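Next come two complexes, and both contain subunit A; in the first it sits with subunit B, in the second with subunit C.
And then the complex of A and B:
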């Protein structure tokens, strides 16, 4: 890190483009397993075919739409519930301390483990995707909000109490505002987890959605669907995170958010 | 003391509702109380004992743990090494940063079908999946740690006659180790998540595969029993992770501001 010479932007960009071209060339012409990875020349016609809807599959546009819609609905529902319960439990200490070990236990279960039970409860359709996505988002947002609301400025809380305010006023006037920053800070992670939740739910043979397309690709004898859906999910993931990062930056100065903690684990 | 009584009462209430909820008039008809879907505590206990008696449960728990630990180690080593390497090459770092950021933003689960096909249903794909989660956690933590080394310390090394080699050995590596330990609990948790997910997608052993087995047999007791075991295992791993993360390298607190 003590190197005084900085490589020029042009050099960096040239190497990056060379790497991308090399990967594309390897993908198209290299000695790779075509059954597994397909080729770019095969992928594009297949995307066009999927877009229209082939072999009884819904059109790709609908598959993408289903996945993205479920992601957003799960994000909204999970965030709202996580926010409300986080603020409430921050205020009601006895309930929070009582429930703490059970919440920790529920949080320790790898999220994918909830899929079979949720599928049995809600079927293979849209509801399961929303519930799964909402559940994951809830767990992320809830613990972040709880932490922020519990650590709301004590001086403000005492001030509300001194002015005769009740638990409701403490929540409404102090804890909620301490927590909004936590929700916005956890947004990129939450949306990434929401997408993952939807794909988890689709991994058990859903009717429609990119996750279903991906996990069923080999059984249907179309390995190119695997890479198409994987790429689509990757692009959607990137776009969603970029959007939420943009929102974060837009609100950061108003809410005085600090730097995000490093090592943002993505699912 | 009162809190513990409240917790025991709450647990008892939940267990009672789980066991006898289907007998409540009207409300008991809801699917959430249906023993076919969620089983009962007694059913789960019986099934776990039965699975343990068949010697399979201990083996599956062992495989999940083994894959988690090996994936954790692999992720720690590769993340640590990659961060150290890129921290010392401005060119490589600037070239590869967008690729690493992109790879991190893509849901890691899209790797699962490829790992399944390329590496099969044994322990190897689970190790790779677990390592893929841990790699990014460690990489970003170590990079952050090294990039925030106080400029004054780097100058001290130079003033004392140390070259770039000393900067790496005496500054970067201790800082990198400190930040790796800081990220240790989270790494343990995600190694576990990655392992179980890969077992779920396709595994011939491990708790994830037990759950799929239970689902295929429509045995809610196995499914719920696996959830309980995963919760216990998850809590134990997290506790171990936090214990090691806090105790290892006692001098790290000064370095990593942790």
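And then the complex of A and C:
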């Protein structure tokens, strides 16, 4: 039986645009509560106003920048630390088995429960957001890397050993590369959780950022700002996911990620 | 193509004396994998190990390679005893894929050389180029393993093994996962390469035809705990063509003899 034909990119894009237009039409002209959901005709002018900075609020560009920066810095720091500690702990079985229940307990704590503690430690502001983002990313990356390093393919380890590779060669050429694959595979989840963590931290204790804008909008009863914040976060999330997917595709054939399968297209 | 200059002597003699191997189970019991193996493989000889799955032929291969320590007995490669780690004389081609997927074909083939500090050695680089050329992989030296076919990956793994100029080649069912035609091509490729440098070869297979096609002698193993049931001499001339050799009456006679030794072990009829 022939497999169903894949729709063209143009067809899919056209359907997506039609959906967006339909939603906008419903939102503008449909029977919804304007006090809760506002209207596109009110939201779009508000974007322009927020961009300049109104009512004592920082400009929208700065709000977006702060959220994105905190997410990225936390992502970079958390990934690096998670990678290094994951690879290191894989080598020390006794320490790993000893720490296992404590790590599991720490991982089970809802990330957002850390915000009050982090606020006490680092105060209100940018550092708390970065630490929150970094902590979330660290836990995601660390456990993935640890698992990949512990379960590095035995055949590859044997192959390196048979070629005369030492312990450090096996570490460099097998365990670390296996772990890099784990980092890249975990990035979409890590980014999504990091963004949530940053926004939550901002909503509680920051002067700037999309989370702070949302909290401020909720307090002042300003649905336009809430929707604008949500839309901005959605767009940021899409961009970040697209970047990580691009990274995954770039490394797929080297790290056997996603659809990369042995044998490629050659007969 | 001109023969590449090599710095290493051809093959090394392998002496296996009183080797046994057993494992302890989680329940505290013991599983005997091999029982008292005594075998001498002459320098430059091509020997095939055949036997049923689980008979210990891979275990013995790993013991020769220094990847697994025997419970008793000793193994010598030339004058050196194998003691818990691979000797530099050994080249091993595993059944499973061992090419590192994150490195290119050329990087994989050069890996053993880099572990020996020869990454930038001119003669070593020439050897890598020569191997890639005769393996038909020169055009894909910059490709990654996932971009190659199964046969090409096996050839690349073979090149990686040969690049370090081993005097002993250990191969564990290296062509088992390939189709008939690709396997025959690789068998011929192996014989042609081997005829250049005549290393000592131990080739594990469960395919009797493959054993008769390639080997000088076939060592037949029993069911677990593995012991040597019989050793069959293969009276086929060298050099061999993997297709033509199957037409010779000696091929059929040798196959029958090998089958007979195995069929007694398993109470099977004639082939």
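Heads up, the rule we're going with is that the second predicted complex is superposed on the first by the 215 of 267 C-alpha atoms of A that agree within 3 Å, B and C clash if a C-alpha of one lies under 4 Å from a C-alpha of the other, contacts with A are read in each partner's own complex, and residues count from 1 in each chain.
Quick note on the criterion: contacts are C-beta pairs under 8 Å (C-beta built on N, C-alpha and C of every residue); 3 or more make two chains touch, one makes a residue touch a chain.
Because the structure is a prediction, the values reported are computed rather than measured.
Residue by residue along subunit A, subunit B and subunit C are tallied for touches, and B comes out ahead. Touch criterion met: A:15 reaches subunit B, while subunit C stays clear of it. Of the two partner chains placed by superposition, only subunit B is touched by A:215; subunit C is not.
In the superposed model, A:174 lies in contact with subunit C only, and not with subunit B.
Once the two complexes are laid over each other on the shared chain, residue contacts for A:165 go to subunit C alone; subunit B is not touched. Of the two partner chains placed around the shared chain by superposition, neither subunit B nor subunit C is touched by A:141.
In the superposition on chain A, subunit A positions 262-267 are in contact with subunit B in one complex as well as with subunit C in the other. Within the complex, the subunit A residues that touch subunit C are 155-156, 158-166, 169, 173-174, 177, 180-181, 253-256, 260-267. On the subunit B side of its complex with subunit A, the touching residues are 3, 6-7, 10-11, 14, 31-32, 37-38, 87-88, 90-91, 94-95, 98-99, 102, 104-110, 113-114, 117-118, 133, 136-141, 143-147, 149, 154, 158, 164, 167, 172, 183, 186, 189-190, 192-193, 196-197, 200-201, 208, 211-212, 214-215, 220, 223-224, 226-227, 230-235, 237-238. Residues of subunit C touching subunit A in their complex: 65, 67, 85-86, 88, 90-92, 94, 96-103, 111-112, 115-116, 144-150, 152-153, 160-161, 164.
The touching residues of subunit A, when paired with subunit B in their complex, are 1-3, 5-7, 11-12, 15-16, 19, 36, 94, 97-99, 101-102, 104-106, 108-117, 120-121, 192, 195-196, 199-200, 203-204, 214-215, 217-218, 226, 229-230, 233-234, 237-238, 241, 262-267.
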